[in-house]
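Look for chain A in each of the two complexes below; its partner is chain B in the first and chain C in the second.
Here is the complex of A and B:
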């Protein structure tokens, strides 16, 4: 097991090497101006002064190999470059925005997993009955709903008509409160921090802001989860050991809970990993719709302003998370399914 | 044919097929349904005025005019063509790359297989949508600049599937027999192996068209895809962003800017998903009621 983890972690540098080479090759096709911003981690790039001087100062006319090694060296020291669209270093921007996105994702994962699995099981137990048809049609309709269409609709109703769920992350007054000295920041996630600070008014405000984007994200992935659980359950319910369990005279509810569900959830674990990654990527659109200042909004703003260093930094950050999450999923997989031997 | 018969027999997938046919007809007869002006690019939505504020539906413009007086009806009709074009191009190239790399990898095996599969792993560890955004931020927005990375970051599952299928087929007697009588590698791959392993992959691929259209429209919505005024559903919805909250006392005033393009998108994607869902049940012999 340990050697497996080590070997998988060793794959991380390989992946990062591949990605950095790929990105470097793409960037090399750019004009010198954008390159300046990509390779130097300071606001110098913003003052449109003497381009020649900057190029000389940072040796930007070096041969590609030398540039690449220097760039990677910078990356390894946490130097991701200067983001023109957010006026700070990319590292700083990611550090500030990531908690918001993590908060959003965590909130969305809970209803998706609970609701998706529950309804998936119900749907499979009543296979081809009216309940099954209804949930299936609901799921497939939601799954066909592009996130921005659903998001716009939710915003229109939840904020425009009802006035309950405003866009953004906090109201202006709460924003000021959070920045005060007396408010201690533990995680950067406002809902949790406000509870730890015993500020229930801020908690309520943060909650009001996060519900609409969470709902939008959850709807889409809930449908996905339901479909996977359903087909996996159907598969298991047709297995011989389930028939044996029934033949022994066990109550149907015991058969489902004790014999079928555990095995049916195995493929669901893999999917849950993919879902977490999909959520992290999918927040780009949802955050933009709801003007929620997380990594997704950072990326999409940066991309529309052609702020390459920022987008590249976020991409590298995501790549690391992706490899780590996949590793965790594989490990979980071996815990849940004893037939899986990690080698 | 048997598969088609069963798709028609199932009420849900029949609905999907009808819906899809409807969109195909719209795309084919677009020049009749919404005739473009002589000599202008048909994919540019005509503007019926210059004020910014959307105009509600009227007898002349049945679906209304969105921000900048772009004709919503025209945009939806020609946007259908854009949707099909984008979906089909992306899928074709993904499947093609997947088939080529997957079959090389499986047939030759050994070091080449190992290298190609590591390559696949690296591409798979790249967050898909973020990868597209990286590409767009470097090369600038545009429909083509969105499609290229979608292809480049989307072929891996097909390569893996083809590889798996071929590895299974490679040991079949007819392939061994062909090799024994000295048929060339290329001919064995194209004549004997691919026709027997390609079908499920192509089906799987075509069912992805719906989700590709969502991705591309989403990027257009963010302002990274189709340029302003291009007949693309996502681009039309990005206009709606500024107007969906209406005005004081009448919040739903501009509902048509969201509802019509949104409806077109949802139904288009739904048609593919309904067919795909029924298809999966048909292909999987274990799930038979």
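Here is the complex of A and C:
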């Protein structure tokens, strides 16, 4: 098992190398005059600017290979570069933004997995009954709903009409509290930090802010989880051993819980891993709608402003997470299904 | 069975925990200022929250050259003088105790020496007292830093007659490139700068290169590049040490490597608590020792990270924001909102034009079709014909554009100087109007009738996501195509990064661009718009620059060297008229601004040159 993990981790640098080469190859198609646009936020901002001096200063006219070796050299010194679009080093930007996205994802993943599996099981058990149809229609509707439409609708109702779930991460007063020296930041995730500081008022405030984006994300991914669980359950329920279990007179819920569910969960685990990645990466729109400053917002701003160091940095970061999550998923297989042995 | 007991225990803990949380959670800790609820919106008189979109680039006075940055710096820093309320020509003292004039002897008779007596008893945010040395250091430090793309040319030009400190060093050394300047010349450059700005007793003296009428405007409040900083604090924090020998170590650094990039230490009414760059949020606190008395509102949060308008609107509705940024296209959604004030048609010093490129780079250029006057393209010098330019100016439907696109929040320009500076020109002079008959007349005269006979095809490019400019292109297209079926205009959107190299290479037939004043003087408009070395004429090719040199340069130079106000007005009136007669650009509109805040915000006064949407010091919150 350990050697398996080590072997998998050894692949990491290879993956990273591939990704960075790919990104730099893409960037090399852009000339220095395109790249200099990063430093001029808009067409009207180019005033009294010597663009050539900027190009010289930041070596934007270097050949791609030289740029790449310089970048790798910096990376080896632990320097991912400066992000022009977020006004801080790329490392700092990721470090500050990731907790927000992680918090959002963790909060979303729990209801998605539990709710999705539960609904999927119900749906398959009551195959072709009204309850199955209802959940399926609901699933298809939510799955086909664009995230920004659903997000805006949730914001309008949850904040505009009811006033319960405001956008952002914290209310103004709570932000000021968090800034104080007496409040210690442990994880950057406000819900957890506030509990550790025994500040339940801030916890409550953070919770209020996170519910709407989490609900939006959950709605979008429930459907996905539900459909996978349902089809995999249906498959298993038609297997011979399930019929045998029923034939020997076991109660239906024992058949489902003990015999069917465990086997049905294997494909679910695979997609759950991917879903986690999808959630981490796909929060861009939801973060924008709810003004939730996480990695998604960072990436989209960086990409539209051609902030190369930031885009590359975030891509690297996601690549590392991707490899790690996939590894964890593989490890989980062996836990769920004892037949799987990792060597 | 045993497992079920555990389940119950866990459940009980969760329920009790949740109850405790809800109970404690609803009441924030005592020291927190609690907002009360007014008509469903939360109201806290000690906290002001402004929610915008788009954050500051830096807080360094030597580098900041964008509105978002100066908006924040405006609250932290102060200048020697300020504009008198409601005026763009008269000043009042600020950190200086008197406004220099020839009459009071603080400006020399030749207009080249300005003295400012420095106010005593002014405290910086760290408690240090303001001295004349701080003022001297502030200007010298910013001039030495002079980073590429920064605003320091505005001070370097009147003081040394150069565009940058590097140019000055090159001149002193007699070389072409800054890399070639030797140590001795660098030291001479430093001495030259340090001689130009001197402490004389309790005064600070500026020695100008030539008389420069807008000099006071360049120093006045709202000009972040003339902010006064604290010398001792700067040196302690690793900034320039004040020595002539060392300035190059701090010259043209990367923005983020300057001490003032994210910190601020001024004398302004608010002091910095934090700039949370990952959330684009600035937190500031009233400066208790502020020399004009502490601000009414204790804490201000400027949250520039809410890019989605609907979110901003909801925050305003709920009272979580006291004021928000509203783009012109969204202002109808604010109208009639309960508890919210919308102030429209504020004349800002900002106008927008489409530059005619008089010498298009036509080699492999997709925007000029065939590149010939054969009905399928335009020749490179198409816009060097005055008739074409005038025809385009008459073919734009100004009124529809202003009514439909900017929803009435703009006006038809009198020329390159916007209406906020109407003291400098005649507001009874004629303007362009939408007149297809006249346009037809000019098209028939252009290129000896060839254009009318053969027709043309041209592509206009707008920058994504600026849909206002897209519609401007389309309105122009509509006007021109209605005149002659042989006239074809195409409209194409382009991302800024894609557009920049094309604009740079002179490929765009027309460049859509706006100008926001650096300081309130017509020179700041005629120079970029009309001077052969100005920013806008640089997009018109050698032909355009030669045209500008012949038509405008002499007048512009006369205007900036004239100290008599009446004569200046004459010169700018003439330039204004000529800018329409010669039509180097199609002047699209003079933009208006708007403010949106809760009714409980009191004390707002509009200042056309103020970079900040609000001067928080002037504001208070009250429900009366």
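Simple rule for what comes next: the second predicted complex is superposed on the first by the 304 of 343 C-alpha atoms of A that agree within 3 Å, B and C clash if a C-alpha of one lies under 4 Å from a C-alpha of the other, contacts with A are read in each partner's own complex, and residues count from 1 in each chain.
In the analysis below, contacts are C-beta pairs under 8 Å (C-beta built on N, C-alpha and C of every residue); 3 or more make two chains touch, one makes a residue touch a chain.
Quick caveat, the model's predicted, so the values are computed rather than measured.
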| item | value |
| --- | --- |
| Partner chain(s) touched by A:200 [first = chain B, second = chain C, both, neither] | second |
| Which superposed partner A:93 touches (first chain B, second chain C, both, neither) | second |
| Touched partner set for A:159, first chain B, second chain C, both or neither | both |
| Partner chain(s) touched by A:254 [first = chain B, second = chain C, both, neither] | neither |
| Touching partner for A:177 - first (chain B), second (chain C), both, neither | second |
| First (chain B), second (chain C), both or neither touched by A:288 | both |
| Touched partner set for A:323, first chain B, second chain C, both or neither | first |
| Which superposed partner A:306 touches (first chain B, second chain C, both, neither) | both |
| Footprint overlap on chain A, where chain B in one structure and chain C in the other make contact | 30, 34, 152, 155-156, 159-160, 288-289, 306 |
| Residues of chain A that touch chain B when the two form their complex | 11, 14-15, 18-19, 23, 26-27, 29-30, 34, 127-128, 136-137, 140-141, 143-149, 152-153, 155-156, 159-161, 227, 231, 234-235, 238, 277, 280-282, 284-285, 288-289, 299-300, 302-304, 306-308, 311-312, 314-315, 318-319, 322-323, 326 |
| Contact set on chain A toward chain C in their complex | 30-31, 33-51, 53-54, 57, 82, 86-88, 92-93, 96-97, 152, 155-156, 159-160, 163, 166-169, 171-177, 179, 199-201, 203-205, 288-291, 293, 298, 306 |
| Interfacial residue positions of chain C with respect to chain A in the complex | 20-22, 24-29, 32-35, 40, 44, 47, 49, 55-58, 65-66, 148-149, 151, 153, 163, 252, 254, 256, 262, 273-274, 277-281, 283, 299, 301, 303, 305-308, 310-311, 314-315, 317-318, 320, 463, 466, 496-501, 503-504, 512-516, 528, 535 |
| Contact set on chain B toward chain A in their complex | 12, 118-119, 121-122, 125-131, 133-141, 210, 214, 217-218, 221-224, 234, 237, 240-241, 244-246, 251-252, 255, 258, 262, 265-266, 269-270, 272-274, 277, 280, 284, 286-287, 289 |
